[in-house]
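Dropping the structures in below, format is structure tokens.
Okay, so subunit A shows up in both of these, paired with subunit B first and subunit C after.
Here is the complex of A and B:
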């Protein structure tokens, strides 16, 4: 099947149920505590398809918070298999764009095989956003609310049906054999999609152009005292880093289960933590909080564009939700944009 | 085609899997520094300036510069100071044990830019280890270069490393200045910081090239002083160290001013460092 398609909402659960026969299905589910998180689906009807935009990103399914790399024992070293096929349903455009950035980062000259193996076996069904959170600002970055490229399957909610766009070979693979539930779009479907996109675009409360901020920093208009001000409000909790769908830093630790055997694992790490750059001999490049906050922002606002032409931020706004000091990307960027 | 290129320049499929190599010799150099000689795996060819991740299962991995020279030394030699958990585990290894190695990693010294030129090496403490690889490389091709000199500073006489090499280099015609920080009994060579000896070698500062490694503060001061003495920044090259977990530009720990010390370095020219804002003087 080529071109756009339409799927009736009545057929969604059938499609997902069939896909789940061959893959682990991950989708937004309501947890026991009441919040909505991406988890492995047992009952298709538990999926919260119209969940709010700012639930935690599914980055941990590609880059787990704790990832066993090797198991070692006197017998030798083993690598746990990571080839389980997965379908992630309900990922938002911003997070899908972040996956694209992670692909760039973990690929390249040194290909991270742990990431690449998982990525190869992961299929995405993303949802074009129709309910941006007040914290969202993807619209200024082109990373949402809907995507033109960089997705497998993109759904747009048209009320009783979805517009289905196929954006990759993987996307074609997961609609293959389901001709009977998809139909060709009519003019009315395209009209509704246009309406949906337009209405979503009007709902954004934040309008931020990171390019303006980048230009100000490049022009040397942001003194170190600004970053010291930011740092004075930083709790060094690492929340921004953990919530960020683009942040990829990790630590590696060897965990001994007995005297002889154990696990080498990697865990998420945060450059906001004090010991992140500490070296033997007490050399400490980023000992000061201001160095660390500046470093985080410089990486996202200057070095990402320099290295890949894209900002290291997708405007998901989660750092704004999580930061107790209100020094998140949107707040800092807004201050810098207005700064004379 | 693309795959071959990747294999040549980057990983061989498993980026973080160390190769287990046999330790052929362990020698005490000082009270806390050991020289570990490791059997070289078949496809392990390296250049001066590169490093590897040394791995002990159960303790972890650390970046260690390769102090031997491909083509000069048969084994891979690692000069390791005991400073923490992993280096302590490395110090516990004995001849015959297996050591995990991952590499060679990082870039190399751009020694071809200094062909036919005079070269000044400046080393402080264990900073001699990465430079030793280059010194032996240069001395093995001495006719390709001009005059060669080294200023090597240690805290005290008991911490002077590679004494055999220093003697050997002197015999090959290298101008050697060994200095210690403060006067010590029985010490007959120089006393003072390495910066005090810059310009006292037979190396014309304005045309010469310098390769520097040592503590951060030493590197910074040597680079500044050489610049003030008239050495062009393009002739000043150093190698940096950083906290690293991966060595291949992924873990983020060594990230500094838009560069990964592991993949963009560890060797950096002063021109680039000045531009990036590091080592502001």
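Here is the complex of A and C:
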């Protein structure tokens, strides 16, 4: 494609170091206990570019778990700035697609100032995935393992070098001025890229087509008793929602720090909790667990496609890793697909 | 604890959590596992997915009970009869592992005589569980090799708590479901470090590792290590302490991380006892109902501000690391204690948590090889006697900790309080998923608070009809000791004749009405059975029911929540 570039792996740390001068660099790092977490990079060589899937999704950099909206004191109300420039390196294609979905929610018909301001100042360098986990199923959704659109910069690992694709004007901004480390790709590079993409597609253990599931639900073939069965295994921990890179629920709380000043903040919330839809007069519209699990799945499988033409799931498989009752998207979808 | 110790010689989960998924039969007695031990329940669900049979004995139809293949809904406080009935079938049908009983246990004949009397039909009369169900469960549990037995507060919080545990121990010895992987008797401990606290001797009659205070040899060892004369008689249990305080024999008390005003039965008596004390010190991370009555409050630190170890329910000692500096001048617990001790004239001289662990390893045989540098990744499961020992995933492999396992013949005794015409319902108390204990911590989290904002009483639809209440109506729960007003929640989770009230709520503290009767050995209070009657409080139009919603009280609580500790300059 026109505009594609090649970056030698030896030059990656130089490039990232230059980018870090302008912005906070966030990348996957290995924690002491061996988990992969995205956080601010101290030492470029700590970055685990070819990492297995990570558990907390990188949505927290756009939509933090606890976000100060306003601070209030007798002097008045102030709004903390959210304009910290960030470069997020090494996120997977599924998470990049999830950011696209979040954009349609928070930046679409209703603009969420806090999200939009952060999003404007965040640049993504995603990596075409060549190491799907057993829980991954993005291949059935078109949200991975590599992307054709909806990224800023996409890297494809070609062994000793990366294929660099630029997908947006923001992407162009972060390669500007680095002509001396990038070169134009040759035919061999394209061949290698093709091979890398092909090989990773063959590595998926799960092949799930959510469209089949959607058709089944729309045709009324899924009775409520199925959702009751799902609910009987639900621990109501909210883990699926907290880990989901697409889930956007939040709650707003005021916290008084002293008698005079305080903070209004928003925190992640989960529709899996019965209090989420509690109304005045002690009305609990979704008191039964089955109603809530069904709603979560309906939102992702029916309402998202209706509103934006895309499923509210990117197949990252995080709910599958975190769910103690094994009623995650992949398991439920597989059961529904097989059900007749 | 006492029950297990008398049967096996050691009180803890005998097997490991990771074995659960491979078990073939899982028998859960008196545990609301999905809500209270979700990580254990996760493995149970996995085991069921792999084809295991799940049996739950619980009066209430909790989530795990509804999920189970067989749910035995025994009447509250009749666990001994149920277990005796099961063992009767096992003996009667020849399902006993005679080899094991002969080689590794003692006192079987005495025990057999008692169990012989409790046929399934007798047990049915007492427990309300069908004799056919008892027979079926006995056969399933006994015939499968990989059967795990779990229990929790549902059978220990009774006057017969120790008896209940001993009955469970009898059952596992009878079928030889012990000393092998995927078997065993597994008490589920509720808090992250309650096992560790017991292991380290936070009990009145033992030093660390359950070495008896009365044992001269053990005492001499500790005396030489600590260079002080130590008392030879056991101390008082918590219940005894409050009794003595009420009688004026106990003058001062030092409470660490506990909130007995909310968590102990018969609240008014506890408060009365505390008020009689000359001096009360409370050490906690947040203000609680108890610390309000204290003369001195020592601020402690949270888990993130201290180094040390936690021992979980499967005896695994795990390291906890400090990630932030202690805030507002608070100190880790060990530091508070050693500073106090220094002021009192005994310098413990510890400089860090690992030095204390070293001493614990030196003096505690089961912890002999457990040192901080060995706990970096996944920790170690005690018994771990020396520095090369890899830890013990399942206990009592070749012999029990005390040598031979002892069968304790146990006859069924009814609970302390029985129902009568004046108090026709059994009240059982328990916990909710979204609340932790007396809510000193979780009430500060908006989302958790929103989930269960109010206390309620679960009533079976049939009882509700008799009394004349509907969901949401306030009712008065009256026992022989007091009364509280709560909202009715009509549900078939709770069977007929039993009502359930969670104990977390300050505004409707159920422990105002619970029974103060305790187990004679373990001194654990009978939270699970108390006779009550429910009286509907029907408010006149436009009038709020008394006590039901008290705005003043709520505002007081709110103000406390938002109170910021003063930062020392």
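Going forward, the second predicted complex is superposed on the first by the 336 of 340 C-alpha atoms of A that agree within 3 Å, B and C clash if a C-alpha of one lies under 4 Å from a C-alpha of the other, contacts with A are read in each partner's own complex, and residues count from 1 in each chain.
As a working rule, a contact is a pair of C-beta atoms (placed from the backbone, for glycine too) under 8 Å apart; a residue touches a chain by one contact, two chains touch by 3 or more.
Not measured: the values here are computed from a predicted model.
Superposition of the two structures on subunit A shows subunit C fitting alongside subunit B with no clash. More subunit A residues lie in contact with B than with the other chain of the pair subunit B and subunit C. By the touch criterion defined above, A:256 lies against subunit B and subunit C together after alignment on the C-alpha atoms of chain A. By the document's definition of touching, of the two partners only subunit C reaches A:325; subunit B does not. In the superposed model, A:67 makes contact with neither subunit B nor subunit C. Of the two partner chains placed by superposition, only subunit B is touched by A:271; subunit C is not. When the two structures are aligned on the shared chain, A:133 is found in touch with neither subunit B nor subunit C. When the shared chain is aligned, subunit C comes close enough to touch A:235, but subunit B does not.
Once the two complexes are overlaid on the shared chain, A:299 sits against subunit B while remaining clear of subunit C.
Superposing both complexes on chain A places the Cα centres of subunit B and subunit C at an angle of 80° as seen from the Cα centre of subunit A, in steps of 10. In the superposition on chain A, contact of A:192 is made with neither subunit B nor subunit C. Applying the stated contact rule after C-alpha superposition, one finds that A:110 touches subunit B and leaves subunit C untouched.
Closest CA pair between subunit B and subunit C after superposition: 6 Å apart. In the three-chain superposition model, subunit A touches both subunit B and subunit C at residues 251, 253, 256, 269, 278. Within the complex formed with subunit A, the subunit B residues making contact are 6, 9-11, 13-17, 57-61, 81, 83-84, 87, 215-216, 241-243, 245-246, 248-258, 263.
Across the complex, subunit A is touched by residues 34, 38-39, 41-42, 45-46, 49, 63, 66-67, 377, 433, 446-447, 450-451, 453, 472, 562, 564 of subunit C. Residue ranges on subunit A touching subunit C, taken from their complex, read 33, 232-233, 235-237, 251, 253, 255-258, 267, 269, 273-275, 278, 282, 324-326. Taken in their complex, subunit A has these residues touching subunit B: 69-70, 72, 77, 79, 105-106, 109-114, 248-254, 256, 260, 262, 264, 266, 269, 271, 276-281, 283, 285, 295, 298-299, 302-303, 306-307.
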